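Structures for review follow.
You will see two complexes here that share chain A, one where it goes with chain B and one where it goes with chain C.
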Partner chain A sequence: MNLKMNLPALVVVFPFFSAMMMVAIGIFNRKVVPYIFQITATITAYFAFSLLIEVYTNGPIRYYFGNWIPPVGIEYYVDYLNILFVTIIASIFFVMSFYFPLSVRKEIPESKSYIFYSVTTLFASGLLGITITGDMFNIYVFTEISSITAYALIAIGGNRRSYRSSFNYLILGTIGASFIVLGIGYLYMATGTLNLLDMQERLQHVYNSKITISAAAIIIVGLSLKMALFPLHSWLPGAYAHSPSTISAFMSATSTKVMAYLLIRFVYTIFTPNFATKIIPITDIVMYISLIAIIAGSFLALGQKDLKYMFAYSSVGQIGYIVFGAMLINANGLIGSIYHFLSHAIVKGGLFLVAGIIFYNFTNTKIEITNGLFKKMPFTSIGFLIFALSMIGIPATSGFISKWYLVMGAIETGNWIGVTVILLSSLLTAIYFWRVVDRIFFKAPDDDVKFNEPISMILPTYILAGCSIYFGLFPHQLVNYAQKAVLLLMETIK
Partner chain B sequence: MIIDFLIYKYNYLATIILILIGLYSVIVNGNLLKKVIGLNILSTSVILFYISISKVSGGSAPIYAENVVRYDNPLPHVLMLTAIVVGVSITAVALSIIIKIEETYGTIEEDEIVEIDQNDDMVDNK
Partner chain C sequence: MTETVYSLLPIYAVLIPLILPIPIYLFRNYPNGREFFSIAGSLATFITVFLIYTKVKTGISLEYTLFEFLPGLSLKFKVDAFGTYFALMASFLWFLTTFYSIGYMRGNKEKNQTRFFLFFSLSMFAAISAAFSGNLLTIYVFYEIITFSTYPLVAHKQTKEAIQGARRYLSYLLLTSVLLFLPALVYTYYAAGTLDFTLGGIFASKENVNKSVLGLMLLFFVFGSAKAAVMPFHLWLPSAMVAPTPVSALLHAVAVVKTGVFVIIRVFVYIYGLDFLKTISTSNLVTIFAAFTIIVASMVALRQDNIKARLAYSTISQLSYIVLSVSLLSITGAIGAIFHIVAHGFAKITLFFWAGAVYVANHKTKVSELNGIAKHMPYSMAAFTVGALSMIGFPPMAGLISKWFIATGAVEGSKPWVIAVLVISALLNAGYFVPIFINAYLKKPEPEHNHSHLHEAPKLMLVPMLITATLTIFIFFYPEFFLKLAKLALGIGG
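Let's look at the complex of A and B:
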């Protein structure tokens, strides 16, 4: 048994089987399931980091299942791009796993808790599967694994609004997935293969075919629906606001971003930028939509009365940044996009963890209850402040670095509208976060009740806050990694 | 040309019509159960699309036999087995959520649910 050789499979398969085991064990003994959950998250993160080191020392890995050589067999393809995403998802999963037990005990009925842990693990393994696979149809199957578990996890939220939001997400998510699978069918028709790299090669000969053009259109619409790009975002606020706090934190950090990764994968690896620039301007169209998304998300967040709703609408704007950077077809823009994926996963995940601690004490997350929160919950408040600064993009936080690269990319391509929009949106972000910061730090509290801040909830929040500052102060290593990924993606332009 | 399209490529036409019927019933119907039925039509139409493109003209069923030169492409069939399973699971999750909505709201008509939620908001804001 060679552990190192089988890492790409283990990262996905290990949490998958562990999820099954949790149900089997949970039937007899519910108390051990949280520990199994934490061990699973730890080992998955360990696998992801060993894979990261492996890929950056020995180059991209092509892992053939059952030694069937593609295009016949199914392949897991790990290159410089998706290993970053795998590592981010696995480490967010690891950090948050310590936050789960207390919050779950508060929000989930005890009899359902072991199933909740199991479904969460399945959700994580679905997301890891999407990022790591090198086979088109696997992408669809893993998308559905992560989506179906997401519907169930949102519905477990407890109030009747969570059922309704879950149902909305189910309808729109399924339509999106059907579009994606229809588009994959078109591509299969045009090329006769489902392997990503094989398809990239064969697709070059049929760029002008109407099948390829309609496949591109259908897949991009499907992905936009799944990643909540602005006009198609209506499922997202409800889904984030009414799900359990742990799930809104984990989902906001990973699930829509994974779809943004798929967009990068489709535009750069499968269709290649040549197709986008020469045949139909998909990148330009999506770029302008993403600019509208950035502004609209920020404006919508401005008027919210609930913290979770505010964070959710701000997610709609932030996904715009990631898509904008990717659609510039410029090295710096793409680095900014990848960096923003990391930065936003850390920061938005952390913000929802803060909302979870507030929910733990107040059982709601209305903005008006945060008056004088600093006196009641000092650690939570400072955590919130760090994340808010990073969202705005103050220097020495990770948000600054990603916006720096995005603006550089926009200037290099002469996209002055983009530069204006990013700066304007930073201002709007500052306004809607400062509204809350002002209440927390400068308003007098309504009463003198002290609240407890459990260490197991504060610690994950501070680890994420620490990461945000660390990647703001020392961005070089990660930028180097991102640069390698970008070079690989840009090879196809020549 | 239209006649040619109708005769030789009617499967694409059928797929498009079914997808549009599915989307239409998801959008227009206020009843959540009918929305789920619309979703099922939508996903079934994709399945039919895959199956129809697997046909090779003059090919026989993809089972090994003597005296057969051409086989149909079996791969889309296998893919669609997975898609059918996915469709069934989505329907199951959707129906169980509908049951929960019926229990908590007392209705599965969307406009009534929206009204109930709006009344809740009014009470909250007072």
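Let's look at the complex of A and C:
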């Protein structure tokens, strides 16, 4: 069928064009735009799921754009790894799309709202593009699309602090992107191709070349900056804390993780672990940095007075988990990393949704206002509790499964420092979340005002909470998928 | 070997305390209705456990898999003789404690009684589930649930002191279980490929296991199960004494701390296997740590003026009897360990009941305030006498039998020096209980006070106390009931 054949392109191109449409229609009629937005999210998710089924029944797909055969044309390469990520991003986008209208009405000026929807869709299509493409330059292009839209989305909050955060991110993000494009340029110099699989093939012969080595270093620094790996994280807290609730939720769930995906792609598919073991130990270096990131992120989160800041710093630590698992070069570690990608996308996204509901009622998210929140907003509080437990990694939540695999991977490679760090940071996570849980459930509220918990905001939050529990209880299928992906990635090790 | 049968009975036994909070919450404004459900629920649980007992004593074990996370990694119940033994004691004492709690909470006019009974029921759910757990992962999950569900009970009074005590309680238990127990658990899974409790251990059939790491993991297990309060991880117990006395009685003399030693016995007998442990030298270290704890905790108890603190240190010392006994690696020692769970359980709950009675009836919390109190509360003091004598190891109380087994086990396990520890500890036990006798029975009350208000405890508190005291004596004369289960649990007789 024609639709089926073109799924890899549709997943990206459909939201892309839909975003353009929204502007065009929005000029004449602003009221329809939210509906178009929701329909777009639904259809994109549908495409992603069909693609998932397609890939798992028939194996990886190589899709040639306009039927131009690579290395001349652009290739979309969908294997077991990135289809998972594509599906996660599209589903999160779909679930959160229900949350948007109320929150947007509250936080975004009416006159800008249609632009906001359009740019958000564009942002999502950029992220989807990064994950799905099999062409190096295309990766850069989509990175820029998602970055530039992100700067705009953060700044749309409209107060002075969100401008500053946006500008901060703009500078650092641009530096990161320049590094990436520079590295890609070097790789092109070394190999003369931009196609991923082609490059993997050709790169083997030039591992020793100085160009390749410096390309590896430059790309990893660039990616670290974009994914806010400690100590290059300074743009992230402000960007998450001062952007609109919906954006901080969607960005925290997806954007830095897509960069972590790219890291996995570069290390496993392009350079292959052989390069790391034979030439320079980049994976070891990044692994130790990620351990520092885990601890530092947790400690920084400990001292925050604002919920959004706390979640943001916790993200800095959590990205460390994903990177750590990937850099172990061990099957279980990588499964843990992929699983944590999913788990953290769900949980952190959900936590920011919770923060959004609190913001909707209080117009701020300071921790001190959560005293006795359970009495005022019971549903929100219970949602928060579920996410907090998952962050800590309590069994029967998705966080437990990913930590289980990460610890397994660390033990298998004899990395006891890693084991200690992961568990220690779980405890720190427990401390900084328990601080809030304690306030919400056990402190007396300051006043008796009842608050509104709109169903359109509670529902997406609970869907995510349900997912977190579901993937904690029944991880079997997903772990099988992840295993398939990992086998394919590990094939290059000989 | 024992036959395994699929059965829903264990599910019923844990479902009752799990759903009991619902009627308790619904009847929150009708104390009598609420208390009726507490009593009926605990009775129903006990009856179900008793039904399980009638099946298990014929040599079968009941199994029910809740679900399988991953191959070899499941949440499942497998009720064998040892689990039944523990559940039987816990559910019976819960039933008695319910009456006592009603008397205590009403006599003391405590606030938030609904929350109290609600979490009490949840804690019992977790404790009984831990007893029924079929593998290490399941028991770990319920071990953590116990920690969390008892937290509101410990913090019940919500004074600054109570909250601090509860925080310390939570942090000690979480810190050790996550940092020590969890890695040991993951390593066990990595080394053995299974976590199922198997009599004789899961390593015995494996070759190429790294014994030095397993030895270290044994220590991780013992200290990670900090509910057993082996020094140096014992400090949470005295600080948890801020809880209302029924909580201290049931949870901190029976359910919580006994789950700790229960886990340790499970690890020794069913994960490592006593024979396999003979090749691992760190088991001697466990003996030494336990012996140290027995002596030192008793010495600390000597200096405590607060009744509950004295009892807490006595508990710490008595728990190490159990750990010490199983670490002797002889069958007799293991029987002694299992038997002491019950012997100490009944005696210690009597003592805590007594402490609560003294507090509710006469508002006394210190040993030095007890002068001449026996004249006013003769029945309570009689119960106390039985409990204290059992602790010291006096005939005809249950404590003597377990000491007998431990001493025999020490000779069998060729560690005769343990007997010296037992003797010294018996003297020390006498040292901290005798002053209470002297104060209560022999000393004259201070004349400047008016003593007309001193009176006996309310009947609701007195009767459970007398029942447990009677049973402490009863067990001495008819130990066969428990010994048979203990032997069945170890695969001998039955």
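To be clear about the criterion, the second predicted complex is superposed on the first by the 493 of 494 C-alpha atoms of A that agree within 3 Å, B and C clash if a C-alpha of one lies under 4 Å from a C-alpha of the other, contacts with A are read in each partner's own complex, and residues count from 1 in each chain.
Convention: a contact is a pair of C-beta atoms (placed from the backbone, for glycine too) under 8 Å apart; a residue touches a chain by one contact, two chains touch by 3 or more.
Because the structure is a prediction, the values reported are computed rather than measured.
Visitor: Scan A:Ser178 for contacts with chain B and chain C and give back first, second, both or neither.
Guide: In the superposition, A:Ser178 touches chain B alone.
Visitor: Just chain B (first), just chain C (second), both, or neither: which does A:Ile411 touch?
Guide: second
Visitor: For A:Gly59, using the defined touch cut-off, is the partner it touches chain B, chain C, both, or neither? Pick first, second, both or neither.
Guide: So A:Gly59 meets neither chain B nor chain C here.
Visitor: Under the stated touch criterion, which partner chain does A:Phe167 make contact with: chain B (first), chain C (second), both, or neither?
Guide: first
Visitor: Looking at the overlay, what does A:Gly466 touch: chain B (first), chain C (second), both, or neither?
Guide: In the superposition, A:Gly466 contacts neither chain B nor chain C.
Visitor: With the two complexes superposed on chain A, say which partner A:Phe474 touches: chain B (first), chain C (second), both, or neither.
Guide: So A:Phe474 only meets chain C here.
Visitor: With the touch criterion stated at the top, can you tell me which chain A residues are shared between the chain B interface and the chain C interface?
Guide: Shared contact residues on chain A (touching chain B in one complex, chain C in the other): none at all.
Visitor: What residues of chain A sit close enough to touch chain B in their complex?
Guide: 137, 140-141, 144, 148, 151-152, 155, 160-161, 163-164, 166-167, 170-171, 174-175, 178, 181-182, 185, 188-189
Visitor: Sort out for me which residues of chain B touch chain A in the complex.
Guide: Within the complex, chain B touches chain A at residues 19, 23, 26, 32, 35, 39, 42-43, 46, 49-50, 53, 76, 79, 82-83, 86, 89-90, 93-94, 97-98, 100-101, 104-105, 113, 117.
Visitor: Going by the contact rule set out above, which residues of chain A touch chain C in the complex?
Guide: Of all residues in chain A, those touching chain C are 394-396, 401, 404, 407-408, 411-412, 419-420, 423-424, 426-427, 430-431, 434, 442, 473-476, 479.
Visitor: Can you name the residues of chain C that touch chain A in the complex?
Guide: 67-70, 75, 137, 140-141, 144, 152, 155, 158, 163, 170-171, 174-175, 178-179, 182-183, 186-187, 189-190
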